[in-house]
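Next come two complexes, and both contain subunit A; in the first it sits with subunit B, in the second with subunit C.
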Partner chain A sequence: MNLRSLLGDRRPAWLGPLVAVVVVYAVFAILTPDTFLRTQNLLTMARQTVVVAICALGMTMVIVTGGIDLSTGSLVALTTVVVARLLRSGYGPVVAVLGALAVAALVGASIGALVGRLKMMPFVVTLGAMTILRGAAKGLADEQKIDCDTKGLERLLSADITAPGLWIALTLAIGVAVLLNYTRFGRHVFAVGSNEAAARLCGIDPARVKILVYMLSSLLFGVAGVMELSTLTVGDPTDSIGLELDVIAAVVIGGASLAGGEGSVIGSVLGALLMTVIKTGAVHRGMPSWTQEIATGAIIVLAVAVDRLRHARARR
Partner chain B sequence: MTSPPGAASSPPEAAASGPPVLEIAGAEKSFGAVAVLRGVSLSVRRGEIHALLGENGAGKSTLMRILLGAESADRCQMKLAGEPYAPPGPGAAQRAGVVMVPQERTLCLHLTVLENVVLGLEPARAGFVRRGAAREIAERALGLVTGVGRRIPLDVRAGSLSVADQQLVEIARALAQGGAATREDGLSAKVLVLDEPTASLGQDDAARLFTRVHALKAAGLAVVLVTHFLADVRAHADRYTVLRDGTVKGEGDPKVTPPEQIVREMLGRELEAARVEPGGDARGAPHDEGVLLDVNALGGCDRPRSATFVLRRGEVLGIAGLVGSGRTELLRLIAGLDASIQGTVRVRADKGVGLLSEDRGGEGLMLSRSIAENVTLSRRGSFVSRPSALFAEGARWIAELSIKASSPAQSAGELSGGNQQKVQLARLLREDYDVLLIDEPTRGIDVASKTQVLALVRELARRGKGIVLVSSQLDELVSTCDRIAVLRRGELDAPRPASEWTEERLLLEASS
Partner chain C sequence: MKMPAVLRRRALLVGIAALTLAACKDPPKSDPAASGDGGARATGVKRLKIAVIPKGTTHEFWKSVHAGAVKASKELDVDIVWKGPLKEDDLKAQIDVVNTFVAQGVSGIVLAPLNDSALRAPVRSAAQAKIPVVVFDSDLQGDEHVSFVATDNVAAGKLAAEGMATKLGGKGKVIVLRYQEGSASTQNREKGFLDAVKGKPGLELVSDNQYGGATTESAFQKAESLLVAHKAETGAIGGIFTPNESTTFGMLQALKRSGVNKKVKFYGFDSSDKLVAALRDGDIDGLVVQDPFNMGYLAVKTMTEHLRGKPVEKRIDTGARLVDKESLDDPAVKAIMSPDLKPWLGE
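Now for the complex of A and B:
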């Protein structure tokens, strides 16, 4: 089986984002060759992308099922608070991280159960969860930042190539990509998003698939929360407000359809990278922050427009 | 529901005379190197129901799209009421009085009937809809369609209407778009195109629809009827035109032309012996062993109320019944997709029960995903699922069922109806179920594919599967099944050998 038949008759959905990342990177490299091309800059960009990229892995799964998760930012903040509290209570870093991940998984399972079993709209459920989790984070932290000894967790995203956070993110990305494309569960995730009734007809339990998807994605948000703590070095209940929008943007730029049934891990990671490159590049050029916001927004709309064109052409 | 089907007797044929209201001459159209229309001529008179026949891909849709201004022909001369007619777009066609009701339902189910009928035509002053005027338009257009006596309420949501009533609302909307409602005396629409209007209707509703179409025809409308149902054409059309490979292969009066000839014109060959001989010993008195399904007094929350039957290995059991009698619901109960409230289903099939849904796009297939993924979609299988293995498997089934596709990676939505049906069947075959519940397998697919699909069903029974076949096409049931049971308002009668049934007796039984 050659590559072409593997990919189908069409270009893969992530080809567009890849070209965009390369082009935007090249443009900034030409504009600011002395600073932008430095290894240090590449590392910084990679580190800045880690949190959004890890979240985008989970969000990709959610969006492929036709769902959405608005509670990402709140869950990341809650995770930083839980880890910080556990550390301050004298637990070791491993216990603290595992405890926070357990909380995140529990949150995801609850959201999944409401969406899957009670057939509630994911938008509404996670909108509620967004506020609840933010409130819980503030309550747990007594509405202030929690200082703590991070006991080595701060090294997760240290400023060199051996930073474990980078490699964890890369491993997770490969893991989720393999899960989506090479496993039966992955097929079912796409099936539920593409045509839930058809999936049900084939003996698949869409509710079970959704519960697992929301649980896995929240677990990934939890991992992102640990990475966030590593850069913050404190537990901050007001951190990452609006993060979910960046994450959704990354996934959409990566070629996913909010209607479900489409999306790719490679695309989403490239989407996250693209946004970082724009932000960093703009800073290097000394452009005011409002210009990068306009540019990022335009790219989101452009990405979807290109995707529509691609579909229209494929249909003809 | 009291009037027997077929009561839609047409009024005396006086209207269909005089010069044609619509003339199409020498229509040619190519997409790339593929010539879809090669000089098609069609002429339709005022007060005439003109059937446009042909297999899928014969060029019917393209011709209609040209007529409605949705497509421009490479070469074509059209005249509407004697005047040259060349609509630059759908809007222009509507203003000229040429309107269409498409095959798929296009109502906004969340809006009211009134809002649907005037959608896009809302009379407004300073941006505010003039509600009185809007209501007048809707009432007039709907009045033309429903006639006096029967009323469709204007202020209920379209989604709450039956499918048959929704169809009437669509026709009313088309007439309103054609200007029906802007004139006091009613009809200014000249040509109404109905694309497969009865595909989703039961016998009763179809008959009632045709009563209304005859009334519109009597009011002077020219109706172009695009359909696969030859019986409808013979009962209701005044003339027919057959398209094949982009040319006109036959025309005439369907009431006097033998149906075999029309089929020959459509297919370009003799119809294969429609009757696939059922397997020997399954017919008549089946033996006791090999029972796959034992259904006893099964009932769901609304329909069916009570169904009892036994399905044996190697037989095709047909279920006949009007739309709304609970046929699909019965299959869903047996498959375990819906919960039963009474009765039992004993499944003695090790490999389980599979269902082929009547709703290909809605439930049967993932239209946006590849053929390979559709075929291999399964609860079973190993945890690892490599794309290369997936596509190899897809290619195997494409060859097995001779599905017409460019590759296993082609998305299912790009296939024709018949080939989509084969993809669905391939999935069931791959699972190797013992019992197949098959719901309306030939809906919306062309004549040639129909024969193939039904032959496949017989072949599966011969290989030892047990099959429950639901179909609105009674001839299909009679020719394919070993035994047939009639479902009437949720009650299933005892199955009887197919040799004791004819189409007429089935219809009589189902509608009594």
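Now for the complex of A and C:
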């Protein structure tokens, strides 16, 4: 399978982020050649990208419809708590994970129904959901971290190339890319995001599309939550505060437009990877945290600026 | 998905390899520290590089730890890298930082774990990579770490009880406002205090099952209701103990608000500018202070000694001291409470 064919014939939006990842990686590789190039470091970076990348898949779909989801971090935390609670009550890992994913899908369906059927602003709905889910996570966890026997779930992100989490993330990325670019549903998602009225005139039910999109994206956030638990090994209701902002940044770096109708799955994954490379490089170089925050912010703004230029040129 | 052989030669393209997650059969590039058994043998050959990972980086406490660590690194001629989680108290971020240092292949890791079980897995992977770990400040389950360098919290709690007993003349009613369930260090302080109080027949414990919670705000509310519930305004309560900064400050505010300050003997834990000011004003009678500078110093020193093949103790006490109004200006106390960080941190 060839990457280009996955992305269709449109000028690839992910080219910019790809160049950025390569350049930033090269810079750190030159600055710290003895440690940055180690296989172990590549694997560590890949593992640390898994959660943001999986969330970015869902967020890309949401943003393509012209929506936004601010409840990502809270839903991830809630998922870690639900899985940990179920594990501690004696259920097996499969039941615990499926249970948590069911909760996530239900949350997504509710958000989707409010956004789609009641035509509420996604920003407001998910802002509310952010707080509600965070509170639910804390309540369910009795405001503590939940210790549990992770029963093999910790191996999802084990330290080698066979870590299932890496391959699940890759499979999901390919799956969502295919879904968005090669299916009728995918075309509907882009149509709703580009021009909802025109989409409706073409016989698409925007509400139905949105419900499905929010459900799928929340399901992906749930998967990310399971990965998060694999790293944490405890259910943590205060985990991932502000994760949604990292995820939105990854999607925007990846070439999506918050106005809707545009977005690239590959770009979003690259965006997530770019942030990990910066974060890891900063540690290897011994740079203070604040420089890393400035660098990440600058790259977000730069990515959008480059994107604008690209658009201006395309229109000419 | 097949990888062309060119990748092996080009550093740039290894970046792409990382994102396609497919090119990980590459042998690690030249790195002396990665071969053999980590830093332990590197004495004299390669300069030791020790990663120091605090729980956060902005609090005063951690700045003192940092300064102590820098002092040790200069004395012992090693390099340290100071790196906390980007967001204060962010568990996932701390796990990521530990993993990153393991991947980087530092000589040793000095870690203040945010959670006593969640950090076990990264510490285990460090041990598997032959990177020794010294735990400081808060304990970690398991025995994969070389040493635990921290305040002896039971002894520190006892210090407060002894101070209070003397001040009360050996009799009175006592309240403890606990910090939070599941926080090992503060539970030990509470235990040390309670055990000492139980050994003194004149002191009567009237409440020891209330928790202040994570924030000053929640501690303040709990403290207010405790003071009302036990009629503190009538002078019924002799002494109060709180086991950390947030509960001490919350209790202080509650005492002031209800006008009970100076009517009870109030012993708190940790210091801040406001707590020290209250100690001077007599609103607080004593503060047990830890020695974060010494903690940072000893943690790095212990790691260095271990890496240089010297035996180290499994448990190292970094000391605590009860400070009252009279001893505030004692130079030794000043050195603990407001150490001069400039020579070490260059700020």
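Quick note on the criterion: the second predicted complex is superposed on the first by the 305 of 316 C-alpha atoms of A that agree within 3 Å, B and C clash if a C-alpha of one lies under 4 Å from a C-alpha of the other, contacts with A are read in each partner's own complex, and residues count from 1 in each chain.
Criterion: a residue touches a chain if its C-beta (ideal position, glycine included) is under 8 Å from a C-beta of that chain, and two chains touch if they have at least 3 such contacts.
Since the structure is predicted, the reported quantities are computational estimates derived from the model, not experimental observations.
Asker: Figure out whether A:T280 sits in contact with subunit B (first) or subunit C (second), or with both, or with neither.
Answerer: Touch status of A:T280: second partner only.
Asker: Is A:E262 touching anything from subunit B or subunit C once the two structures are fitted on A? First, second, both or neither.
Answerer: Only subunit B; A:E262 stays clear of subunit C.
Asker: After lining up the shared chain so the two structures overlap, which partner does A:A29 touch, if you call subunit B first and subunit C second: first, second, both or neither?
Answerer: second
Asker: For A:L166, select first, second, both or neither according to whether it touches subunit B, subunit C, the two together, or no partner.
Answerer: A:L166 sits against subunit C, while subunit B stays out of touch.
Asker: Which touches a greater number of subunit A residues, subunit B or subunit C?
Answerer: Counting contacted residues of subunit A, the larger count belongs to C.
Asker: For A:I241, decide between first (touching subunit B), second (touching subunit C), both and neither.
Answerer: second
Asker: Touch check for A:G203: first (subunit B), second (subunit C), both, or neither?
Answerer: In the superposition, A:G203 touches subunit B alone.
Asker: Between subunit B (first) and subunit C (second), which does A:L98 come into contact with in this model arrangement: first, second, both, or neither?
Answerer: neither
Asker: Quick check on the superposed pair: does A:A295 touch subunit B, subunit C, both, or neither? Answer first, second, both or neither.
Answerer: neither
Asker: Return the residues of subunit A at which the contacts from subunit B and from subunit C coincide.
Answerer: Comparing the two interfaces on subunit A, one with subunit B and one with subunit C, the shared residues are 1.
Asker: Applying the document's contact rule, which stretches of subunit B touch subunit A when the two form their complex?
Answerer: It comes out as residues 337, 355, 357, 359, 362-370, 373, 376-379, 381-388, 391-392, 406-411, 413-414, 427.
Asker: If we count contacts the way the header does, which residues on subunit A are in touch with subunit B in the complex?
Answerer: 1, 5-9, 181-187, 190-191, 194-195, 197-204, 261-262, 314-315
Asker: Under the stated contact criterion, what part of subunit C meets subunit A in this complex?
Answerer: 1, 11-19, 21, 23-34, 57, 81, 83-84, 86-87, 90-92, 95-97, 99-105, 115, 117-118, 120-121, 125, 129, 181-182, 213
Asker: Going by the contact rule at the top, pick out the subunit A residues touching subunit C in the complex.
Answerer: 1, 18, 21-22, 25-26, 29-30, 33-48, 51, 143-145, 147, 154, 159, 161, 166-167, 170, 228, 231-234, 236, 238-242, 269-270, 273, 277, 279-280, 283-284, 286, 289, 292-293
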